[in-house]
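First chain written, first letter: the chains are A, B, C and D, and each begins at residue 1.
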Amino acid sequence: MKTVLLTGFEPFNKQSLNPAWESVRALEGWAEEGFAVNVRQLPCVFGHALDALRAALGEVRPDVVIAVGQAGGRHDITVERVAINIDDAPIADNHGIQLVDQPIATDGPAAYFATLPIKAIVHALREGGLPASVSQTAGTFVCNHLFYGLMHELRTQPATSAGFIHIPYLPQQAAQIPGAPSMALADMVEAIRIAVRTACTTEGDLREAGGKTH
Amino acid sequence: MKTVLLTGFEPFNKQSLNPAWESVRALEGWAEEGFAVNVRQLPCVFGHALDALRAALGEVRPDVVIAVGQAGGRHDITVERVAINIDDAPIADNHGIQLVDQPIATDGPAAYFATLPIKAIVHALREGGLPASVSQTAGTFVCNHLFYGLMHELRTQPATSAGFIHIPYLPQQAAQIPGAPSMALADMVEAIRIAVRTACTTEGDLREAGGKTH
Amino acid sequence: MKTVLLTGFEPFNKQSLNPAWESVRALEGWAEEGFAVNVRQLPCVFGHALDALRAALGEVRPDVVIAVGQAGGRHDITVERVAINIDDAPIADNHGIQLVDQPIATDGPAAYFATLPIKAIVHALREGGLPASVSQTAGTFVCNHLFYGLMHELRTQPATSAGFIHIPYLPQQAAQIPGAPSMALADMVEAIRIAVRTACTTEGDLREAGGKTH
Amino acid sequence: MKTVLLTGFEPFNKQSLNPAWESVRALEGWAEEGFAVNVRQLPCVFGHALDALRAALGEVRPDVVIAVGQAGGRHDITVERVAINIDDAPIADNHGIQLVDQPIATDGPAAYFATLPIKAIVHALREGGLPASVSQTAGTFVCNHLFYGLMHELRTQPATSAGFIHIPYLPQQAAQIPGAPSMALADMVEAIRIAVRTACTTEGDLREAGGKTH
């Protein structure tokens, strides 16, 4: 029986909701044969997001962690490949702080790769009729901050599989933002279900091209 | 009691389904106080699409006509403003014909404006939480061909309100097309419901900016 | 000997220069065997732009008119196919006026097609190593306003060939606008040279696909 | 007196030229007070690119290394922040090899940050009227492969400043690729001049936001 931790951020950047939290909360208490899911909301604040994550890791002791964040402007489910050791915020976080070029862990390496089976997840999402791709950057704001902090925290626990998934705006957000693509909540929830099932049942990862020329 | 005609195209350009027809067929037989809906599938073929439309207009004798088409690559519901008198096909139609710079009606004007309340429809869609905008071009393929032919056919029937709505790919299509945004079927069906209700109940149109600088 | 009129707008929308005017002014007094060029700057103001155009048409009595405008956000030289009879301004013009859904000529048709050889121009631009395409919409702001007014003015002079070309931002503009593509001034000037030469020497137009599915 | 090494790739992906090499070769033998430039062309082949780079490093013994690559589809000069330890090729390299999820250095860390003053370079480029931004991903093809290999090679030489700059298509390439933005060769050469001057004269880096939310 695997224990899964799903996290989603509170709303940020003047939005009144965050599709990440809306999707994750919909899976509270969800269990299938072989795994059970716990969910946590995290503050969109440098440092505080990691404090809350550490507390959740201590309480839940998960075998699989999938952190979920909003990527306003992306059109598909993007499974992140790599977290980098830098905070460089284009906007302020929810405490009004805008860090520039600060390492997340002063003693940490430049980056960590996700340990989720990212190719298998993208493959399963597409098989399930949901647009998805591997992303080579999670940005340099609180999403990447959390993703890096998560992998740094788990660096000595190789048995725990962890990573980050970015999801698009909800239609009701995009209705107010000219030019923004979106995805229905039900499809995003289904995407996370597929990601969890894939993460809980895949050993290693698929060898399937998922990169970019640049 | 108003009679509404909704049309949707068959699949084209190597797709196995067309979100326009999937959305329209879902509304077959739909009626509310004040209107009842009829639906028709149209071939994605120059000329034949207009023949089938004319037959449908004769049978249904609609007060409101909304033709719906797939705009693969657009991310929102786009309500078309204007149909132009030219066929200039970037791909072949379903009979393998690729017309270049041919007028649709040799005796017709350069363009017709939609007579639907396009601003009111976009406004109502956004109010309903659905991303939408006015589009200034329906292209030069079979969608524009049908739209122009529809307005030309109705040019002596000013009481009939008519126009064209483009909708994005479905998620299952976009899952196979890297980079393509999409919209859930349920949201597209709801969008057409809103468009029909708005068209049946709006006199004139909203005066709300909906243009583009270019 | 043909007389050519080139027009370019003054800066608008908070920009301190307009690539259209910068490109056009560079061709002041340019002549080759068979044609000579006159240039005029136009105000980016509804109505006034057309007044200035009419005055220029009266003075210059051109055989060929190419109006040039800035299309910030487009990446290539776009030769416009059609002007539509509507002002629907997403931003205010240089007199602070923001017209919504107003016809340009109350007695005019819904649209005019350009009478320039648009396909031959796009073909020649690409042959010349410059990215170019046919555009199916010139928007609904002052550019389209001028383009429609130009074609309306010339509706009884079929011997005069006229149309509109949109050009991207200059690099120095794009350097201040995240995400905006641009083109070097020298390439835009060369593009207009090619367009003028092609317009002065082409009878009819090429039959080459240049449309869009939507 | 600083020694600068500039590298540019040979053409790849069916292109007959590579703007990176065209830009770099234009600077062969360029020197100003304080520095002199050496240039090398590199094969667009996994492994071989690094062999050629190592040879060049041995011959030139540079103080500053800027590797330049083509990023077809990007519209501005992008200064790369981070190289990641993975080859995941969406297309084959010039030897027909398409590596999938293979580490570049089996003993290397997940990533290296560029040691060039990337913020100062972006700042100077914009000041110089050239569109530029920091990029958070150099992809997972031969460009990233070279960038990672370069930083890995220099990991014990902290005095050497090194990094990677991606540049857009040339206009003549974009003329054949619908939808692709481009930049004039002269502007790209000037951009590399600015980058070299900035790299040779900047201690540390500017603290200026240059990140992304995702």
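Note that in this section a residue touches a chain if its C-beta (ideal position, glycine included) is under 8 Å from a C-beta of that chain, and two chains touch if they have at least 3 such contacts.
Source: prediction; values computed, not measured.
Enquirer: Would the interface of chain A with chain D count as same or different, where same needs over half of all numbers used to appear in both copies?
Expert: Looking at both copies, the contact residues mostly coincide.
Enquirer: In degrees and to the nearest 5, what turn takes the CA positions of chain B onto those of chain D?
Expert: 180
Enquirer: Just going by residue numbers, which of A-D, A-B or C-D has an interface where over half the contact pairs are the same as at B-C?
Expert: More than half of its contact pairs match B-C, so it is A-D.
Enquirer: So, what's the distance in Å between the C-alpha centres of chain C and chain A?
Expert: 47
Enquirer: Measuring from the mean C-alpha position of chain A to the mean C-alpha position of chain D, what distance in angstrom results?
Expert: 30
Enquirer: Per the centroid of Cα atoms for each chain, what is the distance between chain C and chain D, given in Å?
Expert: Chain C and chain D have C-alpha centres separated by 38 Å.
Enquirer: What is the complete set of touching chain pairs?
Expert: A-B, A-D, B-C, C-D
Enquirer: Tell me, which parts of chain C touch chain B in their complex?
Expert: Going through chain C, the ones touching chain B are 13, 69-74, 81-82, 84, 86-91, 98, 100-101, 109-113, 119, 134, 136-141, 143-144, 166, 205, 207-214.
Enquirer: Which stretch or stretches of chain D touch chain C in the complex?
Expert: Within the complex, chain D contacts chain C at residues 75-76, 125-126, 128-133, 171-172, 174-184, 186-187.
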